[in-house]
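One chain, chain A, appears in both complexes that follow, with chain B as partner in the first and chain C in the second.
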Partner chain A sequence: MGSVLTRDVLVKWAPLLVLIVLILFFAAMEPRFFSVRNFARIGISSAPALMVAIGVTFIIIMGSIDLSMEGTVSVCAVVFAFAFIAMGGTLASFAWLALPLALLVGAAVGLLNGLVHVKLKIPSFMASLAMGFVGTGFALLLTGGDRIRVEDDLFRGLLTTRWFNFPIMCYVAVAFLLIAWFIQTRTTLGRNFYAVGGGEDLAHASGLNVNKVRILGFTLAGVFYAVGALLAVGRIGIAETATGSNFMFVSITSVVVGGTALWGGIGGVWNTLIGVLIVNVINNGMVVIGLPGYVQDGVLGVLVIAAVVLSTDRKSVTFVK
Partner chain B sequence: MSFIKKFIEQETVNRRNFLLASAYGLGGVAAAGVFGPGMAQAASNPTVAWSYRNRTNPYWNEIVSGGEAFMDAAGLGKDALTHLINEGSSEKSLADVKALLAKTSGNLALAIDTNDAPNCRPVVEAVAEAGGYVSTIWNKTDDLHPWDFGDNYVSHMTWSDEGPAEQTARILLEAMGGKGGVVHLGGIASNNPAIERLNGLKNALKDYPDVELLAAEPADWDTQKANQVMSAFLTRYGDEITGVHCANDTIAYGVLEALRAEGIDDMPIVSYDGNPQAVGLVDEGKILATVFTNPHWGGGITAALAYHAAIGTFKPSDEPNEHREFYGPTILITPKDAAEFKANYLDNVPTYDWTDFWGPTNGQIMYK
Partner chain C sequence: MSFERIKPHLPWITLLALVAIVGIADANFLRPANLIAMAADIVPLFIMALGMTFAIYIGGIDLSAQSVANMTTVVATVTLPLFGVGAALVCILSGFVLGAVSGYVTTKLLVPSFISTLAIGGVAFSAAQYLSGQRALFMDAELRDATFGWMTGSSFGIPHEIFIGAFLVLVTWFLQTRTTFGRALKAVGAGEPAAVAAGLDVAKIKIMAFAVSGLLAAVAGLLFSVKLSGGSPTLANGFLLPAIVAVLVGGTPLTGGVGGVINTLIGTLIVAVIRSSMLYFEVDATKQQMVFGLVLIAAIALTIDRTKLRIVK
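Presenting the complex of A and B:
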């Protein structure tokens, strides 16, 4: 046993253990929590957040941070809705082109984000936060404060059509998770993220074009934000400036709770999946067991700290900034 | 040690001058586009400003569009309206007002929601001290009254939500057949309207002993949050839920989608605010009732009151108290009258008489 249960193994699997313990806890408190229908509900609330969190995972692995997701999601959602309606308003027409258009818009915003960060040498924290505000403002400019309804039954099938009890949006999210996993493990770019996060100086000295990796990373993140935006619109059928609200907190929390270290080089998209599920299980579970609203935020905060404590190896960290 | 004291005093004065100067500068930037350089302002030509959260929110968007409609009707042109956007920060709200007062030397007609109740007093005092005119909506502490400030604090309007929310609750409870379980999705827990709207439901429930209030959770006026809370309610209560009471329309949209995801399309739901989209849903019968508070009129008349007090059309201190503190209009919308309401209020925004200050109001504010 001793050789199997090393500290490394524990730290690696701690987020999953936390998730299992949480599920068992909520199930013990309220048996109805443990049902396929409820897992589908958790899946629905997790799917858009997972996409956004995967996007920011790549950035955090590089040791940077991206806080532009709220603005990017809003811009993508609004552009998608306008284009979708202008081109016919149903997936059965040319309006399907609005889907790739949204991804392109996400990539463009991400690219701009990366260029501002790298070329103007602004720390990613500040550059992305500012770009997020620009995005929210731009979305507001486009909509004038109105909300755009996307009522096409085919598109809303993301939510309403179910295969094996789970709506299609859950499968779409899993598909993009696998794509992200492929990028992370099987492409040079994915491995370069770890190189930059693990030791930027070393990576630079070995001839890696760190700036290029950073810009590509932000662009890739933008694409995943766009997918998140599409799923968010699919979930409530409305695109508005507020579509991106709350994604910053949920995604960053999820990434960290999942065990991806904020200082870079450690973690990956599977950690993010676990993290997103932990946050959404907590959110769902607290309402399901009937905790009063004002307790919920506090409990979430405590659980986040507990999850990070359990899932990070503090011995390998000499200082925290 | 007196030299230290002197130094500190000097620095304090310098700092104050610096702050004033920067405030003036900011105000100048904000208003420069509106007036252009070197334009003299007569006392009869006050700057008209609306201070509010932001335009992202459909409610505030309506409020401001009313303010602009008033500006057009008064012949000032809607571009002449100065927008002070506080983004939910009371500090910014107050700082912006002070900057604009400095810029306009107090020749200001201000319509404002001060973001929270405690912020109302410093805003009103700053305006009164500078000789400007201010009308407030929504947020004000109970001990602050327009008549204590002579003419400068022109009016305060708020909306009492308890009664109308009780009316919608009764419609809901009737639709449920007077039995079963109801859940309430509320606004931000500490918000006054959120509290009043839940109280309305509780008042109505007293007459329906066979209906159980299963749960009341804050959904923060947010569609996505409401969607998730409603999903969790469905897990916890399942078929026990036979009706949903929503604190506003944006919450109802999230609830409807959570139900749609489960294939439920006949759940009785009521909401509040009367947003155009919600009125459409009432017309389709998907929402049983919503309450229209006419933000367009509210936004226009608040600016009109401050403006007309400033140019001397009427003297606020000559008016009775019910013309200084009053409730705004509320209109209940049900499937029966939704189409008519839509035609009258939404498809064609009515042309209001912006000098009929008190016609649609609902009486003097009562304090509990």
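Presenting the complex of A and C:
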């Protein structure tokens, strides 16, 4: 056993194990937790978070970080809502064009993030944090602090129409998860993410245009944030400046808890799925067993520290800032 | 004259230029009463920025400052009837401990500071919500005036906040320039491997730097809560961005090692002038966040020491 149960194996399977233990724990505490109805609830809260977390997964695989998601999600949500209503306000009209428009806006914001980070040579955490503030400010500027209601029945069908007890938004999220998986494993760009994260010197020396990969990575992340924004609007039927709030903490926590190492090169979108489920099972489970909601941020904080500690190979890290 | 020679002087030149521009646009801005009121208003933010300076000076960042200040507004309001002046001590201690934990997690558990402080910020937010019962709390006016009234009064026409700010900048300046701890901070910020090789206990110094940051964030929260006579888990929201901007605009780069608390004093004044100039030029308040975000990017791009970052991640 000793040789099989190495640190690598443990790190690889620990997130899934944690998820299973959590589900069993909450199910034992409160049988109502283990019901299709409750799983659908977890699915609904996970779907937007999963999209945002997948976006940042690509960035973290490269060894960078993106903290701009709150601003990007808000901007995409607000632009989508304005365009959707201006073009007819129902999916049955030309207003469906607002969907691809939102994705384009996400890509543009992501591209801008990447350019600020790469061209101005600012560390990504700070460049993206600053851009996130700019994004939230821009969303506030567009809305003037108002909430925009999106009440089209067809669009709200994301939440209200259910196939096999799960709303459509869950299936949309799974579809984009598969797309992300395809990008990660079957495209040059996806492999280049790992090359950059595994060792930038080496990637650069083998002739890879590292800067281009970085900028494309941030652009791709922006597209996934936009999908997250659409699902978030579909879920509550409102687009506002606060649509993006809390996504930063939750998505970073999910990615890291899922087992994608902050140092880059390790992990992927399936890890992120597990991470998002862990976070949402905890959030849901604590409410179901009657714990107050405010414990969540503290628990997630402790969890994220534990996950980073577990995934850090102490021999290869000399000092951190 | 090369840009590198002018660079250290850019912050105060920027400040004077901004004051001159706003002063020309509206002479009312330069009235002493207006300038004093502006300075007094910015003091809580200044104190948080002072603490942030220590975290950035060693090449880290403290993203928990806002949550710690938030938590302190609640702690101050809850403990005031119990301990009187002792409430201040509880606040300062809790800030110090949270900062030290961030520092420990960063240095001993090797978690990058932007993640560790984000996580500790989550813990502080939970604590604030628990203590406040998720409500906005109010201080008893009489009790507040009897215990902390001295913080918000004014003598010789100068609000006491300014004295508090001046006192803290003197203390931190002394700490930075006249103590071994200050020298050690400089060594760590300038080049951590060299500091390790020189035999410094780098971990201890870094933990202390984060602890000071947490402590000052707590003091900022305490002062803010006395000013507004209450506390809530979101009272100090909106402090984080301008605090980071103040440090970086002042000339302490994200890579650490140069700059310091006097730079942050200038940086905070720049933030204050930008804020009030928005009023004078009738820029919508909703645009403030965008403007500060862009100023932040410009400040980092200008100040960062790229020789220290072989690879920019």
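What we mean here is this: the second predicted complex is superposed on the first by the 285 of 321 C-alpha atoms of A that agree within 3 Å, B and C clash if a C-alpha of one lies under 4 Å from a C-alpha of the other, contacts with A are read in each partner's own complex, and residues count from 1 in each chain.
Heads up, the rule we're going with is that contacts are C-beta pairs under 8 Å (C-beta built on N, C-alpha and C of every residue); 3 or more make two chains touch, one makes a residue touch a chain.
No experiment lies behind these values; they were computed from the predicted model shown.
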Task: Return first, second, both or neither, reflecting whether A:294 touches chain B, chain C, both chains, or no partner chain.
output: both
- prompt: Which holds for A:140: it touches chain B only (first), chain C only (second), both, or neither?
  reply: both
Message: Contact-wise, after the overlay, does A:76 reach chain B, chain C, both or neither (first, second, both, neither)?
response: neither
Task: Could you say whether A:249 touches chain B, chain C, both of them, or neither, answering first, second, both or neither?
output: second
Touched partner set for A:63, first chain B, second chain C, both or neither: second
- prompt: Is it chain B or chain C that touches the larger share of residues in chain A?
  reply: C
Message: Just to be sure I read the superposition right, which of the two partners does A:148 touch: chain B = first, chain C = second, or both, or neither?
response: neither
- request: Quick one: classify A:279 as touching chain B (first), chain C (second), both or neither.
  value: neither
- request: Kindly classify A:38 by the partners it touches after superposition: chain B alone (first), chain C alone (second), both, or neither?
  value: first
- request: Please identify the positions on chain A that touch both chain B and chain C, taking each partner from its own complex.
  value: 136, 140, 144-145, 294
Statement: chain B contacts chain A in the complex at 54-58, 60-61, 189, 215, 217-218, 222-225, 227-229, 231-236, 238, 253-254, 257, 260-263, 277
- prompt: Of all residues in chain A, which touch chain C in the complex?
  reply: 62-65, 67, 116-118, 120-127, 130-134, 136-138, 140-141, 144-145, 200-201, 249, 252, 256, 262, 264, 292, 294-302, 304-305, 308-309, 312, 314, 317-321
Parts of chain C lying in touch with chain A, wherever the complex brings them together: 58-61, 105-107, 109-116, 118-123, 125-127, 129-130, 134, 192-193, 196, 202, 241, 254, 284, 286-294, 296-297, 300-301, 304, 306, 309, 311-313
- prompt: Inside the complex, what are the residues of chain A that reach chain B?
  reply: 30, 32-33, 35, 37-38, 41, 44-45, 136, 140, 144-147, 149, 156, 159-160, 167, 232, 235-238, 240-243, 245-246, 283-285, 287-290, 293-294
